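Quick one: structure below, then a few questions.
As written, the chain order gives the labels A, B, C, D, E and F, with residue 1 at the start of each chain.
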Amino acid sequence: MAADCVPTGIPGVDEILAGKGIPRGHTILVSGGPGSGKTTFAIQFLYIGATQHNESGVYVALDEDPMDIKANMSNYGWDLKKLEEEKKLAFINVSPVRVAPSERGGLIQIGMKEFRLIKLLEAIRQAADDVNAKRLIVDPLTIFTLQYPDEIERIYAMRDLMRDLKKTSCTNLLISELRGTGLEREHQFEEYLAQGVILLRTFMRDSRLIRVFQVEKMRGLAIDNQPRPYEISGNGIEVFSKATVYR
Amino acid sequence: MAADCVPTGIPGVDEILAGKGIPRGHTILVSGGPGSGKTTFAIQFLYIGATQHNESGVYVALDEDPMDIKANMSNYGWDLKKLEEEKKLAFINVSPVRVAPSERGGLIQIGMKEFRLIKLLEAIRQAADDVNAKRLIVDPLTIFTLQYPDEIERIYAMRDLMRDLKKTSCTNLLISELRGTGLEREHQFEEYLAQGVILLRTFMRDSRLIRVFQVEKMRGLAIDNQPRPYEISGNGIEVFSKATVYR
Amino acid sequence: MAADCVPTGIPGVDEILAGKGIPRGHTILVSGGPGSGKTTFAIQFLYIGATQHNESGVYVALDEDPMDIKANMSNYGWDLKKLEEEKKLAFINVSPVRVAPSERGGLIQIGMKEFRLIKLLEAIRQAADDVNAKRLIVDPLTIFTLQYPDEIERIYAMRDLMRDLKKTSCTNLLISELRGTGLEREHQFEEYLAQGVILLRTFMRDSRLIRVFQVEKMRGLAIDNQPRPYEISGNGIEVFSKATVYR
Amino acid sequence: MAADCVPTGIPGVDEILAGKGIPRGHTILVSGGPGSGKTTFAIQFLYIGATQHNESGVYVALDEDPMDIKANMSNYGWDLKKLEEEKKLAFINVSPVRVAPSERGGLIQIGMKEFRLIKLLEAIRQAADDVNAKRLIVDPLTIFTLQYPDEIERIYAMRDLMRDLKKTSCTNLLISELRGTGLEREHQFEEYLAQGVILLRTFMRDSRLIRVFQVEKMRGLAIDNQPRPYEISGNGIEVFSKATVYR
Amino acid sequence: MAADCVPTGIPGVDEILAGKGIPRGHTILVSGGPGSGKTTFAIQFLYIGATQHNESGVYVALDEDPMDIKANMSNYGWDLKKLEEEKKLAFINVSPVRVAPSERGGLIQIGMKEFRLIKLLEAIRQAADDVNAKRLIVDPLTIFTLQYPDEIERIYAMRDLMRDLKKTSCTNLLISELRGTGLEREHQFEEYLAQGVILLRTFMRDSRLIRVFQVEKMRGLAIDNQPRPYEISGNGIEVFSKATVYR
Amino acid sequence: MAADCVPTGIPGVDEILAGKGIPRGHTILVSGGPGSGKTTFAIQFLYIGATQHNESGVYVALDEDPMDIKANMSNYGWDLKKLEEEKKLAFINVSPVRVAPSERGGLIQIGMKEFRLIKLLEAIRQAADDVNAKRLIVDPLTIFTLQYPDEIERIYAMRDLMRDLKKTSCTNLLISELRGTGLEREHQFEEYLAQGVILLRTFMRDSRLIRVFQVEKMRGLAIDNQPRPYEISGNGIEVFSKATVYR
């Protein structure tokens, strides 16, 4: 079953993923620091899906305005508006709108949280149906998880989200923000719940910072788990799947 | 008495375990990071038991859907369905089902927790009886322990679980998720309560990450406690019991 | 769209920012330790805008008295008063005034906080309108964020601030205080919310401390993310965009 | 007075203890990680006392079932049952029994705790009297100290325990679980209260893990406080009192 | 305006401060570990002011008894009593006096805190007026800040203190106690609020501890921010402004 | 005034203390890890005072039974009983006695704490008067400070204790337990309050642990603040004041 994979098409990435891509229907965590190209990675995954594999995509924006995302991505020469018009791409903006102070208080009530999860999932399903999506992004997951200060509740909410995403029949990338910067960071519980984990980090080599791509986990696939250098150029992200990050 | 051991049959592992395996009836902690092959290790232990030693096994899934586990494991060429049909293997899914918001609240009530421990043990006993199991997996233990935020309560719950598992006459592996990644991580209390501890970690050697297997503890057995390299290939896990992980 | 950039004019900085500057209308975090020249950087950005690019600026002072800022900046030979008279520069002092003990208690009431955010934004809009500002500084952001001890509330407040700053049509620098000094500091949530992040830090090289400038993130721009040495001289800040900070 | 010492008889240990052993009547902390041989050390101390010095011993088991301890120890060829029959050795099991949920709640009531300390001490005194014990083990102390989340209460409880143990006229080893693994671990308050501290740890040397024995403290005795390598073989623990753990 | 500086007169220090000294009227944090000579630095600043620059000084003692300070300082041959008699120096003791248990409770009531701040400032103003002071010390600041466990309240209190000190027209040194000893210590919020920061620390060089002086920050002045060695001899503190602390 | 010093007489120590000793009447913190010889240092200070300088001493025991202390110290050949009989030495045991559970609860009431401080000071004064003491030990201070979980209360209690000790006209050593073991430990607030700080630690040099003595602070004295090796032999503590602890 894992033999059925969704090629990312991002240079170098599928070579690392057993030459195949991401197992179809799986939910993958893409975790990186500020400026690491997480959103570029996600849009590139959708763009290649829509233009080369005839797979529509949905981008669920929890923080940044989709207008801004499209403006920033225009540098890569990806015509996202055309894809939207062709119903091959949909952006949905579910970032919490600004509310009056009295209403704001409600944001941290449990009932409200449940409502938000249900509403989020409904919006996702609706948009996925509209374009018959096969690829889906939630960016960033952090806005969602921060609403559950209690760890056990957060884990259950994440599990619920992952189970419902499974029903969409999409292959999903959840974008997450790395807090720790060191080599000895703590593993986050999301890394255990997700079916795959991709890390975008920055290391020092010789006299330079280099960007480092690593597939930490990919259930059902014999992956290359070595860290590999990557670059963000005018064409988007490129991973050098044969290069080593160490001297 | 410790002379009676259950061979794991996993390449390299029994050599490290005094040439014997895991003392029969003991409860062992298998602890590793995301993507370290904890579930593969556990299924391989059950598969070899069922096909080479005529010992039936039970897999208690607390997080992942058994359907997904079986799909992911199909890559190793292990015919788990046949074993299920032959009553040599049973999967039980005791992961908490999704509940309505009002019911959800109950999950963190103490009485509910006790109920869950009792219910979990009943389900385990039932499944173990059905296939006359000799080998048993609980994966992951973390879902269970997270429900006890108070440390002393968590220790008592773990002790209760371990004592009841002892009554099943199975040899048990409890799969646990490592949070700390460094060499100087804190020992977890589970490591003291379990009768054995196996660690699956990732270290740096020369210019590569390598996977590292270590038996930290195995009561009643003169073990090799040195860290040893291991790999996850198309045949499952293989430990290189004579190799060193240091240059 | 990102092609439209605001040149900082600070020696070396625009070279690092793809030869262009800061994407117009974006909100950038400028984060540094005590004595790192954060305020100098910000004033230099406004001064060059007003004198070389005919872009007016607003300086929103949340901690230091604008009188003191102007006195300290006089060493660089920047005639800020002339710019104020020409309506090319405006300073607004929104630092919380000293209140009587009974009134003080109100500072930590939620309603009070909302009021302060709204009042802060009104003052900003007013001053920006007065001089038709294109460049805006908030210094330091820390006084603002410290008022939200709850992390999720702080993130929402920051998002609200950033969204409202967007409506001013200014390019904005938010000055922030670094707590951690090490290479393995935790990323702060502000770094994820801002559209760009500039770090001003101090490293050891050979036998000296050196000041280090780094653009960690700049949405919509292919930046040079390498750390580069900088100096604070009688002419303000100068970044050596071709030099390396490592031996 | 300190001249009167109890020889441990464990190879290498008495050489480190000024050629004498443990000052008679003192209470010593033996602290180590999982799999470090703490229980083996303790049983070996009792076994040698009973067979070579005609000193009876009591083993107070707070976690593991004495049946299991005896099974695990059988590998060393120590005939513990014979010693029990000869009234030279007594095992007492004061590990908290499994209780119904309603009764369980009582475990964390303060009155209950006091009761447990008193009951524990009564059981110890009874067993010590039965065999006229001269050597006594409490394993592990951790189960006891975890019941006092308040630090000052924990210290008083420990002091009370130590004072009462003193009245038994036994020489006592309290077995404790090390949490921190690094060289720069924090000292635990138990180390200050106990009259001696023995550490069983694991260090890296050359390309191997080695087990390291260290007497950190032994009141009234001029000890060798250097770390020394030790091994766990078929004969129990052996410390190499002349070897260095560093290259 | 910053051109008007107060020379410290302490050997080596003014060379580091652009050849000038501390900008007149500024409030500077002097932060160091135990035994680093913080009080010596402060008294030397007052003594030189009174004897060489005809500037009177006030020493506000929050912890140590001024009698003890004077006794300890007598070793440097500074005749502080003569200066007191000449009204060139005043010591005020505002350390909290011992109170009866019932009264003690009041110390941590908010109203009491405000009172103390107001009372502290009144005492300062009174003493400053008495000697027409130009230089002022508060030693240690820590006793003051510890009374505000809430971070935002502490920052407001510090700001209030700094603003009121400004009105005295003195140049002020606030003496503060360093907790962290490492190179990667966290910056303290006081370092951001103060107009200058001087650090007195201890580093290792070759085979010795050396005392290290560093001006981290000095608003309005082009400083030398390199760490420099210093010594405490019979003449007080001497900084070697040309020497490096690294090999 | 500081010229009047109390010689410790401990080999090597007075050389480090400007050739003089401890300033008379000062209160010094002696801080070390388990087994570092803190109590030996303190008793040696009293013994030398009584036998060589005709200065009587008082030992205030807050944890260990004075009987045990005397037994442990007998190894050094110091005839403490003779000194007691000659009224040159007094031991007082103010360690909290064991109380019934109901009484126990009172130990953590604030009123009780105040009472204890007052009672402690009365006992100290009484004993100091009895032998006309010039040297006084409180061992360990930790038992005292642990009773004040609130930091500001603890500081006030410590200050009160120090002020009252001052009235005894004794030179005082407060024995304290080091928690952190690393070179980058945090400074403790006691180090700021005390008039002097002596550290007894353990470092690694070449292939051995060595004991390291350091005077971190000694108000009113030009000390040697370099770490120096020390040993505990049959004659007590000896510091090698000319040797370096580094290679």
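Just so it is clear, a contact is a pair of C-beta atoms (placed from the backbone, for glycine too) under 8 Å apart; a residue touches a chain by one contact, two chains touch by 3 or more.
Predicted model, so just to flag it, every value in this text is computed and none were measured.
Chemist: Could you tell me which chain lies farthest from chain F when each chain's centre is the average position of its Cα atoms?
Modeler: Centroid comparison gives A as the farthest chain from chain F.
Chemist: Enter the angle, 0 to 180° in steps of 5, of the rotation superposing CA atoms of chain E on those of chain F.
Modeler: Roughly 60 degrees of rotation.
Chemist: Using mean CA coordinates as chain centres, what's the gap between chain A and chain C in Å?
Modeler: 30
Chemist: Averaged over CA atoms, how far is the centre of chain A from the centre of chain F? Could you give it in whole Å?
Modeler: Roughly 60 Å, centre to centre.
Chemist: Rounded to the nearest whole Å, what is the centre-to-centre distance of chain B and chain F, using the mean of the C-alpha atoms as each centre?
Modeler: Inter-chain centre distance comes to 52 Å.
Chemist: In chain A, what residues contact two or more other chains?
Modeler: none
Chemist: Chains as vertices, touching pairs as edges: which of line, ring, star, complete or other describes this one?
Modeler: Shape = ring; chains linked end to end, path closes on itself.
Chemist: When the cyclic arrangement of chains is written out from chain E toward chain F, what order is obtained?
Modeler: So, from chain E then chain F onward, the ring reads E, F, D, B, A, C.
Chemist: Could you please specify the touching residues of chain B with respect to chain D in the complex?
Modeler: The contact residues of chain B facing chain D are 1-2, 110-111, 114, 150-153, 155-156, 159-160, 163, 183-187, 189, 191-193, 195, 197, 215-223, 225-227, 244, 246-247.
Chemist: In the complex, go through chain E and note every residue touching chain F.
Modeler: 33-35, 63, 68, 71-72, 74-75, 95-96, 98, 101, 104-105, 107-108, 140, 142-143, 146-147, 149, 177-182, 202, 206-209, 232-234
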